[in-house]
Each structure stands twice: as structure tokens, then as C-alpha cells.
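Look for subunit A in each of the two complexes below; its partner is subunit B in the first and subunit C in the second.
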Partner chain A sequence: MTAGKQAVRPLNTCLRCIRQPASSNVSLPAAPSRFFSSSTRNSEEAQLQKSDQFSDLDPRLVDNKRDEKRLIKTGVLPIGSRRRRAALRTAPDIPFEQLPYQCFQEARKVLQEDRQEKIRQIEVIRKRIANLESQDAAVGGETGVKEGRLRSMRNHLEELKIFADVNDPIVKKRFEDGEGDMNKPIYRYLADRKWRQHKRMVLMQRVTQMNLVPDVLPKIDPVADVDLAFGRRNVQPGEIVDSRVSEMVPRLRVQVFDKGERLVTVVVVDADVPVPEKDMFTYRCHFIASNIPLSPTNTSVALSRLDPKVDVSKEAPPKHIALPWSPPWANKGAPYHRLAVFVLQQAEGEIVDTAKVAKNTKRDGFILRSFMDKHNLKTVGITMFRTQWDEGMAGVMERAGLGDQVNVVFKRKRVEKLPYKKKDPSRYH
Partner chain B sequence: MRCPAIPFSFRPTFRPLSPRSRPTTCLHRKPFSPITAPFTSSARLLRKDKGEKKDHRITSIRYHLTHGLTPRPLRFSRLRALRHWTIHRAWLTFRAKQRAAAELELQRQYESMRSACEMLRLMDENGMAVEDGMAAQGKDVGRLYRIAMEKKGIWDSVPIEYARIQMDYPAKEAWNHGWTR
Partner chain C sequence: MLLPRIYAPARAVIALSKASRSTIIRSSHALDALRFANAPFLSPTLTIVRNASHQSQGRANGAKDGPGKRLGAKKTGEEYVIPGNIIFKQRGTVWFPGENCAMGRDHTIYATESGYVKYYRDPVKHPKRQYIGVAFKRHESLPYPSNAARRRRLNMLATQVEPEPELQVGIPEGDIVVGEKIASESTVRAQPRAKAGSQLLMGKNYAYREANWQIGRAAERAGVKVREFVRGDRFRAWRKSAARKAANAERRGLRAKKRK
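Moving on to the complex of A and B:
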């Protein structure tokens, strides 16, 4: 800033202090120049204000009672305190990174220098990777050594990419505002970290406490964030869902944190189907859909919209859905059923033949482990919900064609008390 | 005269000159003493007198009970917090760089000492370098190196317990029984 400007600045502030309260918020270009005259112009202003109905009152900047009242009449509430709004009006609109705080600016300088250094390192390692790739495999010696080195160098490169941006306040701000571009590694890294800090912990707690992990799969390490919703009803992991809600096909939001497109299979398994004859439980498959494309930016999986109905009428083989949604149900008196939703990643370039899956898979007694082995699937995401007998369940079962099951009621087997027998009194002496 | 009611830390640093250091030309006056008897015997004064007799240890304990060690939490607006975070990250970066530089310097010094020792080891009596291997077997080859590596007398003034750095737990292998000279 030049010296002249600096000198003028306080004067400016003074002028701003004595601005007219009524017309200040309405943008009138001629108003400041006619500050000292009070002739016909005022009536014109009043007319103008009336005509445009205060539509340009900014709820962020209104700072007097009259304007506030006008704004509230139009149905918009002013934002923040009046003091804050007044401060915002007079404050010059400086972008965050140019705020004139010395320590902050020095800190930014240090961080930018660090970033430049990281970028230089990235260039160096890129060149090294290119050199190593162009080298003959035999030069390095053993087979596999070159691949190992390349892998570690690529990992280091990814790490450096994150280190270059992780200290940027603008990146942090944008991520916190939810405006991060998931195609960039830094935002994916931040999202992953945030997910692992709380959401994944809760999920893992539910999954392990309800013993889904040894019951359905021997172990699980989710790497994708899965949100489940029935229509507009969001479901937390492990929640007990009303049967009328879970009758409709759910909607998934799967956020993956590694780059690239991949195809996934979604499987919903009921892990608590009672078998009273054998006094045990078995599994039932409620849904299988395959070949669903996913990427960090393409997160929405609306299971109801996977195969449009037009295709079904044409009798074309379904591209995605192998087994359509069957609403989860539980008999009266039976304990709650755990329904696990698995997102399984298909191997690179492999497509699951849904027609074949539909033909070969039985819903009852579905074993997920063998299904995964057969189709070469890898678990990336999991979520779960529970269902139990409630007032809507009978209707749901009727509509699903399970009318014979409605009247089946499970009861506890009464354990008869042993007859009372007087103990030998001599043992008490 | 010291008033015992004031704790040490709150005592004024400047005290009136003692009678010994008073210049002789001064008139000898009675040293100043606080009024021992009150003008009135009102309850207020009596209470005040009582209050002054507080134990300084109690004062200090009460002070430290009400003033915790944990500083109050930082409550900032969004942008202020973001600026604070920026400065903090810059500070951490700066410290990390300093640490890396110090480590590098240590490494350099170690390497330099090591190469110096290596040169001494391969030096004959004329100060000329010899080839490593069979040629380095002579009596005078590396004499200075052997002298430099002597560990004579370094534990003389230190108890033998300190030969091993003191740890919280004993070593996994406490005594090497297979050791021979």
C-alpha cells in the first residue's frame, strides 16, 4: 500500500461512520455524493425504496432496526448479531490468505517454502520412477526386486503429494466446508482420516459387538464409508428398522478413499434365520447386485434404480441385479435379525454374470464366504441394521408372499422346576 | 521487621534501609513501627487484625488449588482458529526442519570421526597410508589408532553401575555367560 492511500484510509473510515442509516444498505450509486444536500432527491430515494420492495437488503449486512424489520417482513431473518453485521459492513473484504497479520503471513511463508520443497521432491521421485520403469528388469538382479522398489517409490510419491498440501489452511477450510474435490489425494486423505476417527470406530464396535464378524465373515477391515438409507430415513449402523420402512429398497452412499473406478457387488445377508427343527440359525440372502461402478466422486448407489424398468419389460438379462430386494422379516417371538450389507469389490476387469448368479444362488442357506471365493470378491465396506417383529410386519409378510409365516409364533420352552426335596437336616449341624 | 503474614512470593523487593546503613548525619529517629494498639475497639478492626494472622502456607495452597495447571481452552472464531492452526503448523514444520538439520549435522560429524579413525588405522610409522588387508599387519601400522581407542581409566571416577545405562527394567539377557577375553 502506498503512503497516500494509507493516509486516506482513516478518512474513509470516518466517512463510513457517518453514513445514513436508512439508505446505507440499499445500493444507491448517487447517495454518498449527495450526502449534504436535502432537496428533492430524498423523495426520489423514498420512491425508489418503495418500488423495489427492499429486495436487495442483505441478511448478512443489515445493521439497523428499520432494515431488520423490513427484512423480517419479507420472511428472511438477519444472520448473526447486529454488532457483527455492522462490523462486516465496514470491514474491507480481504481474502483469508491475505489477512494482514504478521505472524500469520510469516507462517504462510514458511509453509509455502516447505510446499515448494515437497514439490521438488515429487519431481525427483517421478523422474526416478520413470528411470526405473524404463530399466531392464534383469539389470536390478533378482526378479521382484524392481517391482518392490517401484511399489515403495510410488507409495512415497503418494505420501509426498499429501505432505505438500496437508498444511494448507485453505485446503483445510475447503474440506471442512465440504467443498473438497475427491479427485485430489489430499481431500481423500482428509476424508479418510475423519471417517476413521469416529464413524468407522462406531461401525466396528457395532459389527463386533453384534458378532457379525465371526458369524458372517471371519474378519473384516472396511476401507470405504457406507451409509444406508431407506428413502429419506437414514439408518445408523445396527439400528432396529421398522419393517414398513425396510420394505422399500435401500439407498447406499459408498465413499471410497482410493483413486480410480472399480466395480462392486452389494450383498445383503440376514444372519439370524431360525431353524426350529435343528434348534439353530442359518443365513438368508436378501439382495445381490453386481457390476456397480464406484469412484471417489461417484458415491451414490440407489439400489432401486440400478436396472430401469424399461429393460425388464424388454426381457433383457438384468445388468446389475441378480436377486431383487426381498423385505427383511422376522417371526413373532423370535429374537431380532441382524442384516448385514456388504460392499464387495470385484477383481480388476472382472464382471459378474448376474444371470448365472441368479440361477445358481439360493436365498436360504446363503453362505457369503463361498460366494466371495467363487466370484473373487474382496470386502471394502460394511454396514448393518436389525429387524424384528412389529405391528407392520404381518402386512409386510403378506405383501412379500409369506402369508403362511404370519401366524408362526416362537415361544420360549418352559423349563419345569425340579420338585422340592427336603435336604438331609443332619448336614446343617 | 518482617511481617510473617505476607507470603514470601508476595513480599516487596524493596525494603527500607536498615538503621546500620543510615548516614550518621541523620537525626536519630525512632524506627517506624506499625500501630500495635487500635484507636477503637470496634469489631471491624479486631476482625482485620485476626485476618492478618493467616498462615502463608495456607495462602499459597489456596492459590494453587484455585489456579489449575491446565491453561484455559482457546476459544476462537473460525478464521481466527484457522490462522492459529496455520501458525502452529508452521511452527511444527520449522521445528521438524531444525531437528532434521541437527541430526544431519550429527551424522556428518560421526562420519568425519569415523573416517579419521580409519585413516589412523591404516597409517604406518611414516604417516603414509597402507593398503587394507595383509599389508596392515605391521607392528607400527595403526599405532595411533590403537592409542586413540584405549579405554583405560574412563570408569575411574564413576561407579561401575553406570557402565550400563540405567533402565526401568533389567536387560533381556542380563549376563553374557559365554564371554571370554
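Moving on to the complex of A and C:
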């Protein structure tokens, strides 16, 4: 971007108010000199025919529809949202250190001093932790006391690491641009805070209002952000999903906010399977996959690609999938089914034997509470969707081998009236 | 309070004293003068009325006796109820709806499931409120444990339903010619597949109806063909108009019969 271009940009913005320029991103000398005309000049149109004119369209900066289309035609997709691109266009790309605002620079100095102070404190507390660790447990008294002190000091250390960076404008910018490195505690902290501010609240509202909390698990405290999608279709928590969409295996994006690798098990449970004989509901398990590695930077869990098809001759037990995906279905007339997707963390260093799970687990009447107890699992993430009878459900059921259920329709049971007892007529005299 | 009441008589006293000094013996006490002034025989122009300071009629003293509103418990504890049974009528929320109960527009508590009425408190939900609930079994006590799965009834029956048959379209007579209904399998289907009931949408007036475009395609779906209009074909025009007239005459005749 040349300086001359930058200088005339405000002028160009003014011109845009009068009339959309032929191409705001191309070189400026071609800008119109006829301010009060709203039609294009023939010569301009002729110029536009040349394709090499759009070669300097910047995918980071195009901000109108026409330019985007041209760019896409050349095979390059614009980056980010149009709003962001427009903001970038108007904001000069000067690094913070060179911004000509005195107050801003003074404030940066103060923040940097504070950061140095925090770094010094971090060094001190690291030394103290090392000292305490090297000390004999018997010196300080009971072992529990020493462990408690160590724990609180480590917590304080983590706190200091965040305090050191949380006010840094560059960190803030990078996080907002989505360039934060999730291996660093500050970006994990910011992401966690952002998640808790809105997304988690919505999730918890859905989970409690639709009574997943007492029905499937006694309590849930999610600490990881879980996004559910079927193919390219993202699903908000609690959304009613078309049966033809949910027929395919979903895709999860699980963002954890604490450091380290861990293995997780993904379980999908239907909490509303009707049992007309007993006049009640039961559970059904639609999917179990175990031993899925997860870390702050490794967030994608494509359930369909977990176990690539190996040749049948080997007959090795699948590494991940214990129960393969069975498409959710609901009978006609039955109330909607809630399908809860749980991300359960396995205990440190434990691996779930999928072959055993596959053998011992029944899909119908699946109780998640006992499954979690048996395999020592802890809830980290949850999301949910709903399903009910729709146009495509009959086809989905046929394909899933449930053809006999297609014609089963649920109807309301008639409630018997209570016998009417005639009151004693004498009371009316 | 007292002062304004005194003003008027006092003013009267002063006026009197100014008018007829000779008739009144001056008293050293103001109250004596007042008493003197209030005496009715002294001044016929000064009449003093004691107004009621308290409303005696209407709602002021509280309506003493209206019709009873038949409030209170309609079902006792442990009594069997079915959905819709009123359990308690009240003004305001003396009782709150608990397990398997709901509250009506006038705070009436009624049952939403069949079972046994229980009156109870639930400190987990609210420390001060008292609830009315319906337990499924008589021996159960409410509230149910908050961390256990909810007890729910399906209240539905599974019925086998025959798949809906294809729509049978009556073959119209007269000028309309019925074309081939089913295309051979190798050809591409020109008409959209008619699925009865499956494409009904909720209309403006909460009634399920076909979309307008579907209604417009009905004839096409049924394979109805209309013979092309030929300009100047008087014979056909005469035939149509004759048929129309006959139909109208018949209709008129029906109407006349109805009137009788």
C-alpha cells in the first residue's frame, strides 16, 4: 500500500458517498471526476472489461460485494468478514509502538512497567516453589500442609502469568483477530472468559430448561466449549435437527481451556425413548467413541473419521469407536427426543477397552451415570440437539433397518373420568 | 386541627363585639366569649352544622356480606385426581404448583397427571413456599429427590397405522380430456410426486393447507388436460353454454325446492 493511496483514501470515501466507484480497490486516478453524476461513464465501463485491472485486489481488504465477486472469480477467497475488511481498510496498519498518540504511548509505558513487575514476582515465586519442593516433607510439619502450600503457590503463579499479559493491547488485538496461541495461558484465559460470558450461559440454560440435568446426569459443570455440526450445518444447543441431516455422523469441535493432552470419550444419548408398554420413557445410546486425544490446540473431533476403514482380514478391534453412529429417530406423534452429546474425560493414563465396551453395552436402556462410574469418566463438555418426526424420518428409519416402526403412530391416551358421586340432596334444602 | 375550627366563631365574636359593644359584657376569657358566640339564640345569621367526618355508606366500612367465593381445597391430601382436576382455589398464591401440577389464570392449582395429591414444602426450590403436587404412587412422598431422573409418564398409545393411499382424483367429464397418468419409468417425471398430507403448511389462520403453488399444480398432478381453445368454433361454444344453462337451471330448481 503506497503512501499516496493512503492519503487519498478519505477523499475516496467521500466520493463513495456520492456514488459507488467502479472499483474502490483499483488505482485511484481512475476515480470519477463527475461528482454529481450517478451513471457510469462509458470509458470506465470499457476499462472494467480488462481483467488485469483486478490483479491488485487485496483479499484482506476488499470491502464491497462487486470486488469480492471479482476476487472470487480469480480463485481467491476474501479473508474474514466484510466488516473486518472495511475496518482494516480505513485503519492504517501501523504497529502500536509507532502510533503517534502521546497518551497512548505513556499508557503503554505504564503497562510495560507493570508487566516487568509481574515477571519479577513470577521469578520469585518460582524460586520459592522450587525451594519448598526440595525441602524435606518432615521439616515443615505434616505432609498435607506442604502440599496445600505448594498448591496455593502454583495457583498464584498461574494467576501472575495471566496478570502479566492481560492488559497488553497487542495480546488483546491478537486474541480478537483469532491469532492467539492456545498453548499460552493468557489466550486460554481470554478464550475461556469469552466462552463463559455468553455461549456457556446459553448452553446451561438449554441444558437446565430441557431438564437434561436431572434426567441424564445429576449435575453438569462444563469446562470445555463443544460445537456440534453435521457436515457443514452447525447446530446450536437444543436445536431441532432435520432427521436427514442428523443421519450422518456429526463433527465436534471441542475447545478445552486447560493445558495438556488428555483422552476423552464421546457419548450420545437419547433421553426420551418412549416405552408404551410400561407407560414411561427410557434412554438409548446412539454413539460411543473412546480414547480421542484432545488438547487446547487439537480441537477437531471428526467422529466419522475416527477409525479409518482397515482391511477386514486383520480384524483388529477398533481403537476408538465402541458403538457406531445410529441415526436418531422418533415415532410419529411421539414427543421430541432430546439427544445429549457428552464429552467425558478419561482418568489420567487410562485407556478404555472399546471391544469390551461394545460387548457389554446395550443401546436400549443405556444409563450414562453407571457407564461413567464404571469407566471412571468425568464430564468436561456437553451439547445437545433435538429430533422429532418429520418428512424424511420414514426414509431414515427404513435405511436404519427400522421399517417396522415407520407405521407406528403415537396417540394420546384417553383419561378415564372420575366417577361422579351425587351429593346428598338434603344439603340443598 | 382545632385552630381553623375556632377561627370562624372567633371572627364572629369580634364582629359582634364591634357591632354591639353594649350588649355583650366583655369577658376576660376568650373561651367564654366563644361559648357566648356559639349560642344559637344570639345570632340567627350564624348557623353551625356538624358534618360527618366519616363516610357512613358504601365501601367505607367494608362490605359486610357478599356472596362466598367457594375458595379453598377441593381435594385433600392423598386423594386420587386425574388431569384437569382442580385441587385448590385461592386468591393470590397461598399455594404454589409443584410436581405434576399447574396454576391457572386465577391462581387455581390443578393436576396435569393422574395420581395422588400431596401438600408439601420444598426448601431446595424455595424456603418459604408451600406446594401442591401429584405423586404417581400413593406411598411416594414429595418432593422427589432433585438429582434423580424425573419420573415421567408417556400417556400415549402406540398404534399401527396403514400408510396413506395415493390421492384418487375423480375423472372430470365434458370437455376435459384425461391424459396419460403415469409416465413410463425411463422418462423423467414431469410432475412433482404427490404426497398426501406431507406438504401441508401452517397458514395464516392456524389451519394447515397446501401451499398456493401446490394448489395451482393440482390439475397437472392429476394429469388433467384441457382441450385447446379454438377461436370461432361455434358448435363447441354452443354446447358449453347449453351445458352451463342447464346446470344453472338445475341449481335454481334445487334452491326453489329448498325454500318450500
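By our rule, the second predicted complex is superposed on the first by the 316 of 429 C-alpha atoms of A that agree within 3 Å, B and C clash if a C-alpha of one lies under 4 Å from a C-alpha of the other, contacts with A are read in each partner's own complex, and residues count from 1 in each chain.
Note that in this section a contact is a pair of C-beta atoms (placed from the backbone, for glycine too) under 8 Å apart; a residue touches a chain by one contact, two chains touch by 3 or more.
This structure is a prediction, so every number in the text was calculated from the model and none was measured.
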Is this a clash or a fit when subunit B and subunit C both end up on subunit A? fit
For A:G178, decide between first (touching subunit B), second (touching subunit C), both and neither. neither
For A:G75, using the defined touch cut-off, is the partner it touches subunit B, subunit C, both, or neither? Pick first, second, both or neither. neither
Per the overlay, which chain contacts more subunit A residues, subunit B or subunit C? C
With the two complexes superposed on chain A, say which partner A:P218 touches: subunit B (first), subunit C (second), both, or neither. second
Have a look at where A:P95 lands relative to subunit B and subunit C in the superposition and call it first, second, both or neither. neither
If we overlay the two complexes on their shared chain A, which of subunit B and subunit C does A:E391 touch? Say first, second, both or neither. second
Check the residue A:K417 against both partner chains and state whether it touches subunit B (first), subunit C (second), both, or neither. second
First, second, both or neither for A:P308, with subunit B first and subunit C second: neither
For the combined overlay, can you note the least CA distance between subunit B and subunit C, rounded to whole Å? 21
Overlap the subunit B and subunit C contact sets on subunit A and report the shared residues. none
Write out the stretch or stretches of subunit A touching subunit B in their complex. 96, 99, 101, 103-104, 106-108, 110-111, 114, 167, 169, 172-173
Which residues of subunit A touch subunit C in the complex? 211, 214-216, 218-219, 274-276, 279-281, 331-334, 391, 406-413, 415-418
Which residues, counting only subunit B, touch subunit A once they are in their complex? 79, 82-83, 85-87, 89-91, 93-94, 97
What does subunit C use to touch subunit A in their complex? 80-85, 114, 146-150, 152-163, 198
